[in-house]
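There are two complexes below, and they share chain A, which is joined by chain B in the first and by chain C in the second.
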Partner chain A sequence: MAEPRRRSGIRGNEAAAGWLFVAPAVLILGLFLVLPIGMALWVSVSGWNGQGSPFAAGVPYVGADNYAELFLDDGLTRENFMISLRNNLYYVAVAVPAQTLLALALALVVNQRFLKATSFFRTAFYFPSVTSSVAISVVFLFLFANSGAVNALLAMVGISGPAWFADPRGLLHLILDGLGLVDLTAPPAALTGGGPFGLSWWEWLAGPSVAMSTIIMLVVWTTSGTFMLIFLAALQDVPVQVEEASLIDGANAWQRVRHVTLPMVKPALFLVITLGLIGTWQVFDQIYVMSQGKPANTTLTPAYLSYRTAFTDFSYGTGAAISFVLFLIIVVMTLLQRWIMRDRDEPRPRRRWWPRRRSTP
Partner chain B sequence: MGRAVLRAIAALCLLAPAACGGTPGPVPQRAGPATLQVLIGSSGAAETRAVTDAAAAWSAASGNQVTVIPAQDLDQQLGQAFAGSSPPDVFYVDAARFADFASVGALEPYAEQLPGAGDFYGTLRQAFTYQGRFYCAPKDFATLALQVNEDLWAKAGLSAADVPRDWVQLAAVAERIAATGVTPLVLGDTQERIGAFLVQAGGWLISPDGTRATADSPQNLTALRYVQQLLRAGLARYPSALDTGWAGEAFGRGLAAMTIEGNWIRGALAGDYPGIRYTVHALPTGPAGPGTLSFTTCWGISARTPYRAQAVAFVEAMTAVDQQLAFASAYGVMPSVTTARDRYLQASPGDRAFLDGADHAQGPVNAPRMGNVLSDFDTQLQRLTVADPQAILRRLQRNMTAALRG
Partner chain C sequence: MTPPGRRRGGPRAIVGVFLGYAILVFFALVFLYPFVIQAASSFKTEADAAAHPLSPVPDPFTTAAFAKIFDSTAFPVWIGNSILVTLLITAGRVFLDSLAGYALARLSFRGRGAVTAMIVAVMAVPGVVLLIPKFLVLNQLGIYNTYAALVLPLLVDAAGVFIMRQFFLSVPPSLEEAARMDGAGVFRTYWSVILPMARPALITLTILSFQASWNEFPHTVVAVQSPQLFTLPRGIANLVSGSLGAGTQYPLKLGAALLATIPVAIIFVIFQRYFVRGAAEGGSKE
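Up next is the complex of A and B:
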């Protein structure tokens, strides 16, 4: 039996009408999404210097030169890019789990039926998410100033707080130093000798700097409210009967969360982690307002570096290349995450659009 | 799929030709009354008002239309305007960014033909010279000088005669101030402040014609070692170590007895810390004599303006002696021409130290693609207390050489 042609049938001539109806959406997406992406892609392989249109006749095509500068050529551009990748990697590694766990915990608490004033807490936890990130960043600048509220609190319990936004020391370095494994002033030669992409292993293993960790705290605090709402919506979809059934089966509180609630909110968990990954890789506002990459480039992120490279150094090609690398990183991370979080309990049949053909032996 | 996307882009290019086209080449000039767009990176309301008034007066006298637009973020707005092929006719260009603009052909090199071209201070002319051509007329300038807090000075038992004249005296005076428990000197942690020490030691980062990196020199090493010594002994501190955003804030709050800042500190202190009593002196001389840094902005004229002649006439009016003196009294800058010197000093005798700096001032690095390199140098300078000055200079030399190669 031959495969039926997809466009045959009595509804075949409705295609034209269909295209007509989606035309406004296609046009808008094309004009504001596909076209700019295409233009940026061209800029990333061109030597455009920002004068006149990038599509004018004189703009040279440089192939993968801008990308090579980021990965292969030993120089300041590659070093800054690698430092920004390192910073953002640690930032993602700390911020995403922290904000996901915090949001889940908040949602579990707010979802309790015995809790009074649920709506108050819901609003309170959500508040940071609806406030302007610039305003929050400025407030955090005051909180974490050398003589600010945070250091005053620490001083009350006898801790002399660091100069938060001026401290470029990496947390991993500080921990290793504290354990007596390495000496910060004289790092081990085995690590400083070399490393991938022109950055020594010692630099790669720095961890988020003290300055970066304040930005991580800020982001975790502001985003967990939004993600709490997503979890809350998912939790409210969990049927009460399932929970009661597990109670009858004698599951304790932890077992109920681990084996009943979590599997049922897994789609929400996937959404939260995906949104978290995308948001944290693209961090820009907080950096722009609070630190501009300082101190010692430890809060430099690819998104901010891309902006700086294009608009203050007039290297629009390199700036565009950075943003495309960032785009690829986000896509790869999301795919990886999808693969890790796939359902493994039962092998599901692949989703199909076409009718199944029975093979008769 | 790929072909469909290309087809879509092509189709959209037909809809939005401005996004996909654009024509380079010489711009036909138009005579007669012009409409000039002037984009300024204003320091505040006073400057915006002064420039708008001056432009209106010129407009009325010459019959041209002038629109003054104060920019929120000058660099970004200019970048967008150039990319969109619709740059303003006249705009501010900071000396530190000048070479970037000149190297991509965005600027009209009109300044060498100005009748008063020789009247500008030499250091300012050099700041706006790229590949041997003097591009644009400096609108005003500032230099670094030493500010001394009178009260803290007296508290340390020092008199006016003790104001340090050279590096040795600076260190000695600092020791005496430190003994009273006050930070002697607060110093900005960037090359825009520490660079003055390089000049005093006889060094600088780049050759005068802006083609060769000269960072890794014994003179520069002497300077960095001296600053490092001050920092290590606690005789100088960076603003961040005093929990302040910039040196002027630390100085205004009375946290340090001395600082090294430019003319802008006058306005900042008068606005935020009106109670402070201070005097301004020339920077201490180094092993190679006096030296300071100059900061300046020019009136850039777009290479793509159809009103070149009218724009030049506008700039001539804005840089005339009387006009510059009016600007000076309106928002506290120093005129960029030597013929205005005496009259300016009569009006503001306290600024002699700033103005005299012009004679031995070094302008910013006048080569393109240096933004990244110099911000990396700043990053290294922030760690100067623990870092090796020789390594810092070698690194800078390598990065500058690479950037100069293009």
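Up next is the complex of A and C:
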């Protein structure tokens, strides 16, 4: 290959070298990412029980049975799957806004030019993002233990903290109960009577459990540093002249954030939200280390459920089917992100689909 | 929130500065104090850790937890495995990702567009839905529960290929054209002309690969099951959630987690700007 050739040979040489260069990458990605998806697709429509090869002659084809079990058939499988979807929905609904707002707020403060040593703080906020999810989960198990740091802090202000990881009560239930609208010990019959997909309305409306909220806090804590960096990169693109012009126009601090800064970071905002939507549907490590779905299945997520269904219940078909439903959910989120990124990369047709910014008064 | 250069030192400016620092210091505590508690508690006795969870000072100071980590757990095995796996994966990714990235950016061959499209598509596949599929393929290949299962599937990552491709696209082609005119082959041009110029991108890739493979957890769950093949995250997860996790033993668990965090922390402090660049470039990687 390294032999000197006449110039006419370079192109042909290049084609061979090109394939040789990409061959290892194509082979590994194909073998361990593309092929497995095809295999899992077959397993998700099969009744394979983990014995022998899923492609052996005796493995039955069951059609959409595994999927039907998740959505249609009344039973424990559907109940667990629906509970996991509910848990993850609440998890997404709380974690994504929380991490986005925290990241934006941190970026706005770190970006202030009149503050010194902001690079130290930027580093500090980002550090949790680069550490091992397992190691961090261990730390949070200790922080939120019954006699842990968080309850010690709460005790200082006279609050007796909950037994975080053992508490399956839903936050929404607790709030409704606190407002006197419902009684936790005797939930209204209208809600417990029935509901979609085999879960009662009362169960759908539980909100994230106390145990789940510790995992939400953990994830917000570890992701907001990365998202802060994305916001910072966008903020640093805001031209100084624009800021100065708004100053001369006499805009106050809030008006400047609202009418100058926010419109400029809008693409970053959409990026962070979609990355958050993709990431929060994939929560697995923290559940595995901290709760394994307990207490009372309130920290069960589809990702963990698919793992558990396959590797501890040996229902590989159902586990694979859960994976594909989750895949579909995340693909929708990813397509949303791609669409947004494209809008961001090509400045010309941008701002077509979000409200046009009104000119500053 | 105070205009730079104007009204500096006025009462409103002082309030703004004070408020700004108050927010920064508060959040620095929120983000860093858990690590202080972790480090301190791993040098505490169990009773002290439970009684004074907030205290940054162990009283009495003891290294009993660490002695126990090395004596009564398989920690040394996990560290050995983690180092081996991390070195192999990092070396593989740096070499193979840059090789593929270069070909996709610079060499013209039939199917280049298709390969690029595949890389981009693969980047979008969420890792967590691949758990069962990966197990299936490892099982089918007969390498489940081996070092090969831990290393091979992670030897190339699509995001790394993409980062390198983007980098090589930004390098002016004049240099390599000169080298090629002089008769150097494709690989030699790549190896001795292009790669030396790619140092910053290669450092970024090395750091990201090191961090990702050192911290990798879900893949180890579906790749191996023998404790002899556990890496640090897998071993610690087992320590915490398995039967060994019964009882509190917080100094021990926190100490083990601390030891797993230190290498990444050191690399982070030294190569901070490369991490920042990685976060900004590969926004789609978690």
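One rule holds in what follows: the second predicted complex is superposed on the first by the 302 of 361 C-alpha atoms of A that agree within 3 Å, B and C clash if a C-alpha of one lies under 4 Å from a C-alpha of the other, contacts with A are read in each partner's own complex, and residues count from 1 in each chain.
What we mean here is this: a residue touches a chain if its C-beta (ideal position, glycine included) is under 8 Å from a C-beta of that chain, and two chains touch if they have at least 3 such contacts.
From a predicted model like this one, the values you see are computed outputs, not experimental measurements.
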Item to check | Which superposed partner A:L336 touches (first chain B, second chain C, both, neither) | outcome: neither
Next on the checklist: Quick check for you: in the superposed arrangement, does A:L76 touch first (chain B), second (chain C), both or neither?
Outcome noted: first
Next on the checklist: Just checking: does A:I159 make contact with chain B only, chain C only, both, or neither of them? Give me first, second, both or neither.
Outcome noted: neither
Next on the checklist: One more residue to check, A:L247. First (chain B), second (chain C), both or neither?
Outcome noted: second
Checklist entry - Between chain B (first) and chain C (second), which does A:P24 come into contact with in this model arrangement: first, second, both, or neither? => result second
Checklist entry - After superposition on the shared chain, which partner residues are touched by A:A64: those of chain B (first), chain C (second), both, or neither? => result neither
Next on the checklist: With both complexes overlaid on chain A, does A:S147 touch chain B (first), chain C (second), both or neither?
Outcome noted: both
Item to check | First, second, both or neither for A:T185, with chain B first and chain C second | outcome: first
Checklist entry - When the two structures are overlaid on chain A, which partner does A:M39 contact: first (chain B), second (chain C), both, or neither? => result both
Next on the checklist: Tell me which partner touches more residues of chain A in the superposed arrangement, chain B or chain C.
Outcome noted: C
Next on the checklist: Under the contact rule defined above, give the chain A residues that sit at the interface with chain B and also at the interface with chain C.
Outcome noted: 30-31, 34-35, 39, 53-55, 145, 147, 310-311, 316
Checklist entry - Which bits of chain A are touching chain B when the two form their complex? => result 30-31, 34-35, 38-39, 49-58, 75-77, 80, 145-147, 163, 165-166, 168, 185, 294-297, 309-316
Next on the checklist: Quick check on the complex: what are the chain A residues that touch chain C?
Outcome noted: 1-5, 10-11, 13-19, 21-22, 24-26, 28-37, 39-40, 43, 53-55, 106, 109-110, 112-115, 118, 120-121, 123-143, 145, 147-149, 152-153, 221, 223, 225-226, 229-230, 233, 247, 253, 256, 271, 275, 278-279, 281-282, 284-285, 288-290, 292, 303, 306-307, 310-311, 316, 319-320, 323-324, 326-327, 330-331, 334, 337-338
Item to check | Residue ranges of chain B touching chain A (in the complex, touch as defined) | outcome: 5, 8-9, 11-12, 15-16, 19-24, 75-76, 79, 82-83, 85, 100, 104-106, 240-241, 243, 369, 371-373, 376, 379, 382-383, 386, 399, 402-403
Checklist outcome for this item: Interface with chain A, chain C side, in the complex: residues 1-4, 6, 8, 13, 16-17, 20-21, 23-24, 27-28, 30-32, 34-35, 37-38, 41, 49-54, 96-97, 99-100, 102-104, 107-112, 115, 118-119, 122, 124-137, 139-140, 152-153, 155-156, 158, 161, 180, 183-188, 190, 211, 214-215, 217-218, 221-222, 232-234, 236-237, 240-241, 248, 250, 253-254, 256-258, 260-261, 264-265, 268, 272, 275-276, 279-280, 283-284, 286
